[in-house]
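Right, I'll just put the structure down here and ask away after.
Chain naming follows the written order as A, B, C, D and E, and within any one chain the residues start at number 1.
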């Protein structure tokens, strides 16, 4: 998640440097051609590139909307995971009669819930899903994970088996079992929603056509302005194109919010928050620290 | 689902080749008429076609939004099917006391759930809904499917009958029955939602009017530019029209996401993911491979 | 529901013929005035009508969005009715122990559910709500309908009474009763949602102001173009206005999706689909045929 | 709710008469200044006001969208109240064993539900919330209302107490109690949603800035057009500004849908519909008439 | 929440004074450079800044939409808190048999619910979350809060423990326990949603690029207008830029609705409303007064 403090110029420039070089070249070549072969070149009315620029703004506006919606939807999914993780622990504490045996059982399930959050975040980002969660899982449970491709789903299965065990040993009746199952269904839903956003490519054709129109805009604008001194024309061309490209790039990054990029949904920091909350709900006082933000973003 | 890697030029060109030929013809004829009959032709101010172009951008933006929303809604429905299929198997494992008889029963229901996903995807795409799912269904169940028009609905009916059987034989009480019924209601909902998107034509009038305005734009633009050399005018006309047509075509394909086209929701690949997940939840180690994407798309 | 095949020219022309005549008259009169009284008339810069045209496009875009959303919401409501009708029958079959008495009871409720769908569709369209559903209802139930203004609501009441009877005669316990009640609540919701869309007029002021601006556009454009030959000016005026009016008219028709018009949500065809589905779920082989589409639409 | 029939010219004119007078004055003064002090005045290119006009259209489009969404959300809330009121009565009839004592109890609760609808509508509109509902409430219940600020909430409390009584006297078990409680929770939700829309002012800054830009548009347009005869310039100025102001005013009225205005959600008429429906569900034949619409609206 | 009455000029001016000074400086410097170095400066066609202005309007429209949606979502979350707080108290009163012991218990839980609302609002705004709620909590409960970072979550945990106690002492069976748990899950959800909106920064890149384009607009406009008298040019520049900046600033403030600013969601006033409602539901007559609005806003 990008913070509000401001973003380094280097970071912004880095995002579009290749595009700017292409645009500089296209602008220069068109300008030279239009200057040295002026008699063969048409009189391009400024209205044409300006109209293309308006069209680009309208299409960008669509792109920004949809990308922002994907990013916000991903954030909502992680918000729901926060809420259901907390509710899950509160429900266990409320549904099981208070004694030492259940306290151990609650701790085991609560720790696995923390592990599930870290594991899901890492698996979405294509990192090792099991890194750093060994201490939160029982030895036997860790072993069972190995034969599963989808680790977070396997952890949910361990939850359901443990809850079945609670019912079979009469620590919980079937009504509370069903109510806890509702929470697990919601967690399974949130997991699937995050996977959906992660695995579904935003229709890439729009992006290609948008780039195509931006270059068409650059070419027509540089023909239309070829009676202006090149020392004024090129910066103007670059500045306007840069504005379009920067917005397009921002939208492009937002639309995939689990790629280990500064514009990501901050899944690590959110999982840490859940970690802290759940440990305090268990009455522990030795809790980890919140994730510290980087210079200008928080992962 | 189109991938991000880039799309072959041939594919893009193929999508709009007839439209481009029409536009070339319309542009040429208008230009010739305007040149040879200049005295009878009005002075067309460039403002007119440019205004039409802006109007087209605005209407396209509406079209893109609605088409994207349909496609994303279809993708959400298939995401819900993933989630509920997983939850269904987890619930069966959690609700039935662990022994060999129930393990068989769970396997039967889980395999039928996998079959249901393949069957629904194929029936939405107008393919043979039963192809490749014979091994996942019992002989008797396959026979019962024949008298049904809507095969996926018939499979859901078999689920409900089996779950009733579990209650009648006291393997499950009525509370768990009702909770499983909730999952079946959600699956029935998702099926109906996919059918709705598939069977409801996007209001076709918008599309016709949009094409009408694009041609009006081409005619007025080629009159307005008829003092420009035809060798510059025609490419410009084609490039701008191509941009509009490509975006319109992309939107048109997105709005029907179950048509066996590269821009489809990747129902086969998603059903395969469910297949793999469910088999691993059953503890099987011999699972099928994920669907491999084509050059630039995944079905 | 309009089909994708294309719409007859006559149908489209019919929709806006009076408006086109008005616009022709306004254009002609303005043009004549501006020609014969040129000295009293201002020089109208083309920028003014063009700006009005852009404003019209933006406002039309709002109108199209909201109308489409109403239409799609109506379609979703009917989709939910399909899903809950199927689920209702599946639930009855799963919740009642299988024997002849319950089979009769299930058939009675399932037939009434089919009748409810036809009845709701016809009552929304202002047709006789009871036409063609006599065979699906018991004699006694039909009699009770007479004293009710809202026939579909009365049918739902008969459902609730029958389900109460099942509980009172111990064919079903209270948990299953409550679960069936959830389905009836959803059906009652869908009915109310369809009635809401049908009875709530889209704010009519927007429509009047939009027409007002379109005429302002026509007047200013025909003054601005009055140095163009009238034989070119009038068709241009008519074509641009026609584009606006056609889009406005399409939006206007979409916004009221239960008016017995080609752009309606196809409630009859959907009710027939439910009819076929439910009869096949009951094991009947003699089912009605799907509703055949008209030349270019399906009601 | 405004009807589709058309709106009296007087009503529309009334809505914006003061604004039009201001605009007339501003236009006149600017024009006079620009005429008598022409040498000090700049040459205002028409592009400036035209660009402002386009900006106004875009901002108005945002305003229209959000206002319409508020109004439609308010309408949905009242639709949910219709649905849950009907479901509430159907549930009572289905959950209580049929005999005379329960029939009295159902009537008492059903009448109170009717009263709740009238009372909520009147309290949202700032009218006396208890007017006209005396006959629908028991003497004792009416007395208890006095010490409550929020009358509809107090009526809901009376519902919960009566339903508790039904459980305590064993007329209903706890499952049905919980299911009825679900309905009351939804009614409480709908009440809160309507209160939220009513008490939350739409961000007023947008409105002020929009007015500010409209006046900037009027001033720049009247300078730009000051070489046009004032007899043509002023009507044009007024007509274009009127279009903007009318749309802004319509949006402004829609955004507060419970203010006793013609554009309100028709809460009185909807409450009457509930009244009629519920009485017919109770088997009464002497039901009130639907609310008759005014000339061009329905409250 | 800003009220409708009008906003002081000072407040509006204050919001953008620094930006206006920058724009004044940029405009002046560009104008001077363009005047004294006219031969080196290009002829800037007015179309360029006007096109940039249109692009700014379109991008602002996106920004306004998303900011408004965030603000309205935050308002909805607080609306849900109102509804569930009321329902929670009504459920307690309906689920517990009426006697003195339960009355005390209900009062304790209801007071804690009031405290939770104040506490959550204050913690979202970064104020001391426990201020002013001491009287609403038991001594022992207050002590337990100290070791928790997230105070509102700790209060919810105390709710769940108390409700468990009610079940363990047989004052409530497991069905009612589960139904109350549903309400607590919804409250936990609303809390998490408010935290999500509060902690997630709106993608800041859009904002920087928007400012960048606004300055590009100012520079190009002041070059384009440099043949206009500076005494007319500068005010025009400032007024148009002010309009853009004011709208951007309004959107910026709306997007973070829990920052102790006049445009905030009025969480204090809403918590007070809940306080009054709950006390009247408990039968108390000595209730606090509603929060009085400030001159032009309500916190």
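By our rule, contacts are C-beta pairs under 8 Å (C-beta built on N, C-alpha and C of every residue); 3 or more make two chains touch, one makes a residue touch a chain.
Going by UniProt, the chains are A, B, C, D, E = Bestrophin.
Not measured: the values here are computed from a predicted model.
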Approximate Å spacing (C-alpha centroids) for the pair subunit B (Bestrophin), subunit D (Bestrophin): 38
Subunit D (Bestrophin) and subunit E (Bestrophin), separation of their C-alpha mean positions in angstrom: 24
Subunit E (Bestrophin), residues touching no fewer than two other chains: 47, 50, 54, 58, 61, 65, 175
Graph class of chain-chain contacts, one of line, ring, star, complete, other: ring
Running round the ring (origin subunit B (Bestrophin), first step to subunit C (Bestrophin)), the chains in order: B, C, D, E, A
Residues on subunit C (Bestrophin) engaged by subunit B (Bestrophin) in the complex (per definition of touch): 1-4, 6-7, 12, 46-47, 50, 53-54, 57-58, 60-61, 64-65, 68, 71, 75-76, 79-80, 82-83, 86-87, 90-91, 93-95, 97-98, 173, 175-176, 179, 183, 228-229, 232-233, 236, 239-240, 243, 246-247, 250, 254, 263, 276-277, 280-281, 283, 285, 287
Residue ranges of subunit E (Bestrophin) in contact with subunit A (Bestrophin) within the complex: 40-43, 45, 47-48, 50-52, 54-55, 58-59, 61-62, 65-66, 147-150, 153-154, 156-157, 160-161, 163-164, 168, 174-175, 177-178, 181, 184-185, 188-189, 191-193, 195-196, 200-201, 203-206, 208-209, 212-213, 216, 220
